[in-house]
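In the two assemblies presented below, chain A is common to both, partnered first by chain B and then by chain C.
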Partner chain A sequence: MIKKIFKRLGLKDKLLGLIVPFLLLIIWQGAVTKHLFSELLVVPPLTLLNTLIELAKSGDLSSNILASLNRVLIGFLIGASGGFILGIAMGLSPIINRTLSPLVKALQQVPEFAWMPVIILLFGIDEFAKNIFIAIGAFYPMLFNTYLGVSGVPDKYHELAQVYQYKSHRYLAKVILPSALPSIITGIRLSLGLSWVFVVGAEFFGTEAGVGFMMISGRQLFQIDVVMAGLVVIGTIGFLLNYVLQLLEKKLSGGRVAFDGGIA
Partner chain B sequence: MNISKRTKSVLGSILLPVVLIILWQYIFSAGYIASAILPSPHQVIKTFIIHFTENEYSFHIISSLKRVLSGFFIGIVSGFLFGLFIGLSRTAEKIFSPSFNAVRQISIIGWIPLIVMWFGVNEFPRIIIIAAAAFYPIALNTFAGVRNVPREYVELASVYGYNRLKLITRIILPSALPSIATGITLALGMSWAMLMAAELFIPTNIGIGTRIQIGREKFNMALILVGIITVGSLGFAMTSIVEIIAHAADRGRILRKEI
Partner chain C sequence: MDIIVAKDVRKKFKLKHGQQVKNNGIISNEIDALGGFDLNIKKGEFLVLVGPSGSGKSVFLDIVGGLSAPTSGVVYLDNKPVDAPSEKTGYVFQQYALFPWRTALSNIEFGLESRGVVKEERIKIARELLSLFGLSDFEDRYPYQLSGGMQQRVAIARALATKPEVLLMDEPFAALDAQTREILQNELIRIWEGTDTTVIFVTHSIDEAVFLADRVAVVTARPGKIKEIIEIDLPRPRNGDIRSSSEFAANRHKVWGALKAEVNKAQQEWKLAPGFTD
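Let's look at the complex of A and B:
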């Protein structure tokens, strides 16, 4: 009996959550049928759905998504491995930490997009420039979370490792990394999330493929349905990346997920 | 003893920048890289001084600050109210938060093409983008702060017969303050980051981002670096000011609680 009520409550909550999307859909459709806005600016909801299906059918969608994901992956691997290595070094050695952290803090003050002109001037506007741009974004969250994880390893573990006379690589592999793992996974999640955010920005600067490219060319051709389809794709993939890594994080840290405060 | 330790740590932290600048000067003098790509430190400092002594640059800085602050204030006020609203009412949370979380999955940069199509290339979409960047962190942190108010406080308030308004202003807001302050600091950082995207992607003649962009068009790396230093230090200064204010407010709160 009680279970039934709980189930019904759960359903009720879900229905409440549908009110806003439903109302928006009605207003949207209403605005279209009443011709409140130009058709160039607001397309009917069904047209958007059609566009999504057509883009998916023609293979445009998947090829653009793959191009973006490919960039994300390369940029993320460069940036996150840099951040990971530096984070471990700074976490283990106070001297390295003291020497590097002022520089890192100073560089971190520069907004990501301010680097774009520098990168374009140095490397041109091709694939490599975009990878570097994404790598810069992926670098910081990985660095900070790895550092937090490594520097947070309890002293007891260190002493125990000394008692067992662990060699340094063994100490790293058996003590430091397992203990810092939850924090490192948080770093991976945030840094992958930012990579996905920045790939779209990088593609706004000109390219021949990618979700950002799809939206920019949609804008130039005044196909607002393509631009909106791009938004749906950005949101869905961003959500999936975050969701999968959050599951992993939960599993590794016993149900705890770091709160990112809404920045990623 | 203590002082010498401190000097040592200060020396340690300036060591790397000094080494890098010397290396930079050396690479420049050896002529490995064209000066358009890598200007000498001297050139950058000269450009810096020239720019800061002319009125035009301060005009760009002030315009960018105005832009970012108007977006920031719109974002934190609306984000705070929204966070408070869904924090106070469970029903409101159930109605609004699924849609909010769905929309939040779309990165703000992604909205730029659509917003430009709707509102054109002018100041309005730039401010909207900056405001949206501030909105998410402040809304989420206000919500978290309101929800984490200890139950006993609320019970105590009902014992004292506080009405709803008094409960919010005397109990909920003060106890959510640290979280709200975190939200404001994050929001400022996000607004500042988004300012650059707004100035690059929604072209304008005025602003620091524009100056950096002009440096790129003119192949003038010194100009770009001056812009980057300006943006970085202003961002740092603003975040520090907000952190100090937040800290002071938090201290005031603790002191009042003790009294």
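Let's look at the complex of A and C:
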């Protein structure tokens, strides 16, 4: 009976993925309890759990998470829509592609954090600057995946659209976009994932709210447990975002296989 | 009355960089796919094109369908030169080219949607066609949930949905196994015999050509032109049993007689052109 339920939910495979983290937690707790490390520097898991509960109770946790998510959403929307539109243009027009792809590829080589001084000079350190910082990170995966999806529409679909006189917006809506959809969703997933990674970085500079801010102020006050709670929160939310979007990807691709980045 | 008239249709392709072919001993980076194709097709007839690989049969079909322009010459459809895909034409490809995001029913609706047919009417037409192909129970299935034979039935239904005057079929059964292929030939001929659609059908299979065709046009090795047109004098309606008749064998023999030399010629040329890959 239990076996059956496990099988239904595919829990068996998922439980495998929990074994190593669980063992690490035990070793970690044991090491601190046996005084291998100072409890001040390495917070044991049980203390960490306590901190998380307290942070949640005080409302600090949810307000910081919401502040970060809000930033992610705005930055992601700016960057991903830019990548989406440019990806369609480059995917549909070889001329636009050849004109822009060297520039895009060169700019993509610039590490995300190298943009920071430029952004601070141009936009200061206020909210908008953070949104732009996240948008730059969100831009590329959306651009490349949209481009791949659109340029990869099979020739036969183009011919079929021609045979049945599909043109302009109808062609885009009925043939190009549905065909590119799995790739576009992969783009959204990777782009949103990176936005979440970069929001924490953005919050290390001049903020008063957010998970990154929570960690920085924790470090300044030597609350190592708060810093580590931040890590746990970042990892968990990143994981959940990716998981939900992957489910969506599977559902919408209707039996077609989408790129999963090599890690399921 | 002739619905399609092809006059001296020629088509040259530029080869990709580094590829070359020998034309009459001269090395060239251009390939003559069609070399003066003349063909008249009667309204309502089932015409099958057979010819060796690379003889430009599919190229001719693309030109009739308005998907590709001839280098010179002209194809008339209902007395008008073809310069773009026409609403009178339907097309069935070898790779079924069904949309994976649409169900069987919705795939059949595709051609009707751009013609402004309302939803209820589209569904009615699509359901009728599904039932004609015995696929009524599969209307909600996605292409990956259908067998190859079922997918090609849906693709043919999609092409028939717009009630085309001319149906172009480019080796539609080539990817199917032998049994499924025969079954689909039987179904196609049964359904077609109830319509007045003109069909141009490309195949490599002589049996398929003889079974389906009113006339078989044998195309020469590259550059393709019509070598001979053979009237298939088998009675209609036809069914699968006709394949084992002596008349069938006689017709088969006639077609093979015209085709054999061209196939040999094509194979010789391929041996002589190591730089060219299909």
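One rule holds in what follows: the second predicted complex is superposed on the first by the 213 of 264 C-alpha atoms of A that agree within 3 Å, B and C clash if a C-alpha of one lies under 4 Å from a C-alpha of the other, contacts with A are read in each partner's own complex, and residues count from 1 in each chain.
Note that a contact is a pair of C-beta atoms (placed from the backbone, for glycine too) under 8 Å apart; a residue touches a chain by one contact, two chains touch by 3 or more.
What you see is a predicted model, and the numbers here were worked out from it, not measured in a lab.
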| item | value |
| --- | --- |
| If touched residues of chain A are counted for chain B and for chain C, the larger one | B |
| Contacts of A:W28 with chain B and chain C, given as first, second, both or neither | neither |
| Which superposed partner A:F123 touches (first chain B, second chain C, both, neither) | neither |
| Touched partner set for A:G218, first chain B, second chain C, both or neither | first |
| Partner chain in contact with A:K174 - chain B first, chain C second, else both or neither | second |
| Which of chain B and chain C A:I19 touches, first, second, both or neither | first |
| Touched partner set for A:L160, first chain B, second chain C, both or neither | second |
| Contacts of A:A114 with chain B and chain C, given as first, second, both or neither | first |
| Residues of chain A at both interfaces, chain B in one complex, chain C in the other | none |
| Contact set on chain A toward chain C in their complex | 154, 156-157, 159-160, 162-166, 170, 174-175, 178-179, 181, 254-256 |
| In the complex with chain A, residue positions of chain B that touch it | 9, 12-17, 20, 37, 91, 94-99, 102-107, 109-114, 116-118, 136-137, 139-141, 144, 182-183, 186, 189-190, 192-193, 195-197, 200-201, 209, 212-213, 215-216, 219, 221, 224-225, 227-228, 231-233, 235-236, 239 |
| Interfacial residue positions of chain A with respect to chain B in the complex | 13, 16-21, 24, 41, 95, 98-103, 106-107, 109-118, 120-122, 196-198, 200-201, 204, 212, 215-216, 218-219, 222, 224, 227-228, 230-231, 234-236, 238-239, 242, 259, 261-263 |
| Chain A contact footprint on chain C (complex, rising order) | 65-67, 85, 87, 89-91, 93, 95, 97, 99-102, 110-111, 113-115, 142, 144-145, 162 |
